[in-house]
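In what follows, subunit A forms one complex with subunit B and a second complex with subunit C.
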Partner chain A sequence: MGRKTFVILIITAAVLSASIIFSLSSGSYSLRLDEIIRTLIGRGNPLSNTIVMQLRLPRIFIAILVGASLSTAGCILQSILGNPLAEPGIIGMNSGAALAVVLLISSSSSAYYDSIGIYTMMLLPIASIAGSFLVTALIYVLSVKKGANPARLTLTGVGISAGINAFIALYQLTMSKGDYNRALTWISGSLWGSNWLFFGIIAPAAAVSIGFAMYNSKLLDVIRLGRETAVGLGVDVDKKQKSLLGIALVLSAASTAVAGNISFLGLMGPHIANRLVGPVHIRKIPVAAGISSVLILLADTASRTMFSPLEVPVGITVSILGVPYFIYLMLKEA
Partner chain B sequence: MNSYNIEINDLQASYEDNIIIDSLDLKIPKNKVTMIIGSNGCGKSTLLKCISRLLIPDKGQISINGSEIKKRASKELAKTMAVLPQSPSAPGGLLVRELVSYGRFPYQKPMGGLKKDDMEIINRSMEVTGIIEYADRPLDSLSGGQRQRAWIAMVLAQETEILILDEPTTYLDISHQLEILTLLKELNEKFNRTVVMVLHELNNAAKFADHLIGLKSGNVVFEGSPKAVVNCENLRILYGVNSSIQLDSTGTYPVCVDFQLAK
Partner chain C sequence: MVSATKKAILAGFILSLLAALGIIIAVAFGSKNIPLSTVIDSIFNYEDVLDMQVVRNGRIPRALAAILIGGFLGISGAMMQGVTRIPIAEPSLMGITQGATFAVALVSINPDFYAMTENTFAALAGSATSGGLVLLFSMQNPRNMSISRFVLAGTALGTFFISLASTLSILSNRTQELAFWVAGGLRSATWDSVAMLAAAGGLCSLAALFISGRINIVNLGEDMAISLGERPGVVRFMAMILIIIICSVSVSVAGNIAFIGLIVPHIVRSFVGENYKLIMPLSFLGGSVLLIWADNAARLLNRPYETPVGLFTSLIGVPIFIWMVRRNS
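Up next, the complex of A and B:
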C-alpha cells in the first residue's frame, strides 16, 4: 500500500470517528464528550445510557453499515456496468426491495418499526432481498442476448424501476393515511427506529459481502477495463458479472431493508474516493466506504436535529447533498 | 513441430441472425506477423473476436497450439494468447504502471500481490514499449500513441506466445502508426511472439506483415507473403479497386501508389 493511500485511510478513519462523536453528542438532549465516554465505559446515568446505548449508537452503527454497503454496491456496479453513474438506486435494484417492503408493511398493518412483531422485522430484510432479487433477475433476463450488454442492463433497469415506482405510488393511494406515511418515510429513506436487532440482521450480510468484494478487487479492476479486455485477460466475464451483481444486490437490499431508499450514496463515496486514491479497487472500496459512511452519518445527524422534534428522512437530506454533486459530475464527464 | 499457432476449421459465426462467416478454414503461422485485411464488413473483426472468445461461433473448431479453445480454461488460455481490443478503455486516473500490471492477472491469486518476478516483467514490458518514463503518470494524461504503447505493454506483460490486436493503429497519425507497427515487428523478431492483427491501411500491412490474409464476405481470397499476394488482380477482388503497384526501393515489399474505383 502506498503512503498516500495509507494517509488518506487514516484521515478518513479520523473524520469518521469525529462524525461518530459529533452524532453521539448532538440531538434533542445533547451530551458532552466526557458524558459520552463515561456512558460508553458503563458509568453513565440511566438517561444517558438509554440515549447513547439504545438510541444513538445502534443508529450510528447502522448508518455506517448502510453507507459502506451502498458505497461498495456502487463501486461494483460502476465497474461491471462500465458506467460511472451506476448505483443501486439508479439502475432499479432498490425498486424491487422498496416494493416488497411496502407490501410487507401494509399487509402486517401494525405500527411502524418498533411495535411490529419480531417476525415481521426478521422478514423485512428477507422480503427486501427477495424483492430486489426478483426485480434484478427480471432486468437481467430482459437485457440478456448472448451475454449481458451493460448499456442495455442499465436502460432496462431505469425503465423497470420507473414502472415499479409507479406501481408503488398506485398502491400507496389505496393505503390508509397512517400506512401511507409509514411507507413514504421508508421509501424516502430513514434511519428512524434503528435498533440493535436491525444491526444484527444486516451486519453479517454486509460484512460478508464487502469482504467478498475486497477479495475480488483485482477481478473488478480487470472487468472495469471492459468485456473485451477482461476476456483477453482470462476472465469468464458473463459468469463473474452475475456473481458480482449478486453481491451488489445483497448489499443494496440489506441496506434498503433497514434504511429504505437512499440514493446518491453509492455514487458520491466511490467518486470522491476515485479522486483521492484512484480507480484501483483494493484502495477505492475501503476509502469509498468510509466517505459514504461519513456522509450518511452527518446527513442523518442533520436530519434528526435540524427541525427537531420533527425528523427529515435521511434519504432526502442525502439527496439534497447528492443532486448538486450529481449534476457537477454530469457536467464534468460530458 | 507444428508450424501453426492457430488453426480454424469450418468456422461459422454470426451476429443475431446475420451470418458473417460461413465455413472458413484458416491457419495462422507460428512466429510470424500475420495481418488480416479486407473491406469493411468482410468479417475480419468477427474472425478475431471468435479467436479471442468474445464471440461464440455457431459451429466449427478453433485450436490454439493443437487444442480446442472452447475446451480450455479462460485463465490458462490467457497465458498463451493475449488480446488487445480495438478501442480499449480504462478508468480515469489509472496509472500506466497499474494498467500494465493487469497483464499479470492470469498469473495471480485473488489476494496475492505482485511478486518480484511480476514486477520485473512489468518493468521490462514498459521498457520494451518505451513508456517506462511515464510509469507513474495517469494513462489519460498521455498522447494517443503513448497510450496505445501502454496497452501493448499490458498485453506484453501477459507473457504469451501469441498477441492478437484489432486495428492497433486506428486514430493514430502516420508517425505513431509506424512506431506501433515497428514495435510489434520487433516483438515478433526479438521475442518470437506470433503477432496477429487486423489492419486497415494496406501499405502498412504490405510493409510490416510476413503473412497477409485477404478476407472477403467471410472467405479467404488470398494468403501468402505480401510480395506474392499484393497484385492488381487480388486488390480488385478484395476492394473493388484498380491499383498501380510498385516495389519499394529495396525491392522487399509492394507499395500501392495509386487507386481507382473499378468500374
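Up next, the complex of A and C:
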C-alpha cells in the first residue's frame, strides 16, 4: 500500500468521523459537542442518552454499513460486468426486494399507523432478501446463453425491473394510504426506524462479504481487464463471475433488507475512489467504502433535518445527488 | 420491395380491422351494462340521459384517446429506434415520460402553477427537459454509443425525475396520487383531450411520416448517411423534437405507459424489413391496436374496478424485450 493511498485513507476516515459527529448533533433536537461526548462516555442525561444511543447512533452505524456494502457491491459489479456504470440498484437486483415488501405489506395490516411488532420487523428483511435472490437468479438465468454476457445481464436486469415496477403499481394503487406510505418509504430507501437489532443482523454478513471481496481483489483486477485477458491469464471466468455475483448479491440484499432500495451509492463511491487511488481493487474497495459511507451519512442527515419534522427517504436524496454525477460520467466517458 | 409493400398493405388492413373491433368493444362494454340499442342511439340519436352520457362523454373519447396515444407511442418508438440505431430505444425507457411526470407533479401540487399552465404544458416542459438530455447523449459521439450505456442513462434519468416527483408528493402529503400518474391510464380522457391529441400529436405524426425517408438514410449508419449527402445530426434533431411533442401530449393525458414504443416497431420490422416509410405508419396502427385492447382488458377484467393498463403492456412487453436482448447480443 503506497504512501498516497495511506494519506487518502486517513483523510477519508477523518471526514467520516466529522460526518458522524455532525450527524449525531443535528436533528429535530440538536446536541452540542460536549453533550455528545458526555453521553458517549456514559455520563449523559436520560434524554440525550435516548437520542444518541437509541436513535442516532444505530442509524449512523447502519448508514455506514449500507454505504460500505453498496459501494463494495458496486466495485464488484463494475468489474465483472465490464461496465463502469453498473450498480446493484440500476441493474435491477433490488426490484425483487421491493416486490416482496409490497406483497408483504399489502397482505398484512391495513391500519394507518400500526404498531410495528418485532414479527413484522423481522419479516420485512427476510422477505426482501428472498425477493432479491429470486429476481437476481431470474435475471442471471435469462441472460445466460453460452456464458453470461455482461451487456445482456445489464439489459435483462433493466427489463425485468421495469416489468416488476408495473406489477408493484397494481398493488400500490389498491393499498390504503398508510400502507402505501410505508411501502413508498421502504421502496425509496430509508434509514428510518434503524436499531441495534438490525445492525447486529447485517453487520456479520456485510463484514464477511467485504472481507471476501478484499481477499479476491486480485481476481477483480484481472477480470476488469476483460474476458479474453482474464481467460488468457488462467482464470475460470464463468465460475468466478458466478461467485462474485453472489457476493455482490449478499451485500446488496443485506443493505436492502435494512434500508430499502438506495440507488447510485454503489456508483459514486467507487468512481470517486477510482480517481483518487486508481483502479486497483485492494486500494479502491476500502476508499470507496469510506466515501460512500460519508455520502449516505450526509444525505441521511439532510433527509432528516431539511424538512423537519417531515422526513424524505434517504434513497431519494441520494438519487437526486447521484444522477447528475452519473450523467457527468456518461458524457465524459462516451 | 413489391412483396414488402404488399405485406404492409395486408398488415395495415388487418391492424385497422383489429383497431375497429377494439373500438366497438370499448364503446359497447364497460362497468355499467348498457343495452346495445342505447349505445347505438347515443351516437346517432343522442338524448340527455345518463346511459347515453356515459357512452358519449365517457367511452367514446376514451376509446379515441387510446387509439391516438397508442399510435403516438408506436410511431415515436419507431422514430427513436430509427435515428439512434438502437433497437431497444423507447420514450419510457429513456426517461422522457418520467420528466413529464415530474412536471405534472410539480404543477398539480401547486395551485398557482396549475392556474398558469395545466397538465399539458407542464408535461411538455418536463419532457422537453428530459428529452433534451437524451438528445445530448445521442449526439455525443454516436459511433461508439453502446446499447447498455444508453439504457442505463435512460434509467438514471428516469430515477432522477421520479425521485424529485416523490419528494414533492411526500412534502405535500399526496403520495398516492403520484402513483396513479406513474402507473398511467386513460381514465381521465375527455373530448378536450382527444381534440388536443389529434391536433398536436396528429400534426407531428404527419410531419414524422414526411421525414421517414431521411430516417431510412440515417439508419444506414453515420458514415453512409454522410456520404449520401444527408446530415444525420439534423434529422436526429428534428426527430427528437417531434418525439418530445408527441410524447408530452400523450403523457399529459395518459401518464406513463411503457413498452408500446418498444415492442410494436420491433414486430412491425420483422414483417416489412428495415424501411421506415412502412415501419412508421404500421407502428402507429399497431400501437393503437395494442393500447385499445390493453385498455379494454384493464377496464373489463375486474369490473367495476380498473387494473393499471401498464400492467398489460408490460406483461406483453417484458418477455419480448428479453427475447430481443438475447437474440441481439
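General observations
The criterion applied here is as follows: the second predicted complex is superposed on the first by the 328 of 334 C-alpha atoms of A that agree within 3 Å, B and C clash if a C-alpha of one lies under 4 Å from a C-alpha of the other, contacts with A are read in each partner's own complex, and residues count from 1 in each chain.
Convention: contacts are C-beta pairs under 8 Å (C-beta built on N, C-alpha and C of every residue); 3 or more make two chains touch, one makes a residue touch a chain.
The model shown is predicted, which means the values in this text are computed figures rather than measured ones.
When both complexes are overlaid on subunit A, subunit B and subunit C end up sitting side by side without clashing. In the superposed pair of complexes, A:D221 makes contact with subunit B only, with no contact to subunit C. Once the two structures are superposed, subunit B and subunit C can be ranked by residues of subunit A touched, with C on top. In the overlay built on the shared chain, the residue A:I41 is in contact with neither subunit B nor subunit C. Residue contacts after overlaying the shared chain place A:N274 against subunit B, while subunit C stays out of touching range.
Between the C-alpha centres of subunit B and subunit C, as seen from that of subunit A in the superposed arrangement, lies an angle of 80 degrees, given as a multiple of 10.
Annotation: superposed on chain A, subunit B and subunit C show a minimal Cα-Cα gap of 11 Å. In the three-chain superposition model, subunit A touches both subunit B and subunit C at residues 145. Across the complex, subunit C is touched by residues 83, 85-86, 90, 142-143, 145, 149-152, 154-156, 158-160, 162-163, 166-167, 169-170, 172-173, 175, 177, 180-181, 184, 188, 263-264, 307, 310, 312-313, 315-316, 319-320, 323-324, 326-327, 330-331, 334 of subunit A.
Subunit A contributes residues 82, 145-146, 215-216, 218-219, 221-222, 224-229, 231-236, 274-275, 278-280 to its touches with subunit B in the complex. Those residues of subunit C that touch subunit A in the complex are listed here as 88, 93, 133, 136-137, 140-141, 144-149, 151-153, 155-157, 159-160, 163-164, 166-167, 170-171, 175-176, 179-180, 182-183, 258-259, 307-308, 310-311, 313-315, 317-318, 321-322, 325-326, 329. Residue ranges on subunit B touching subunit A, taken from their complex, read 16, 52-54, 56, 73-79, 81-85, 88-95, 98, 102-103, 105-106, 108, 110-111, 155, 158, 164.
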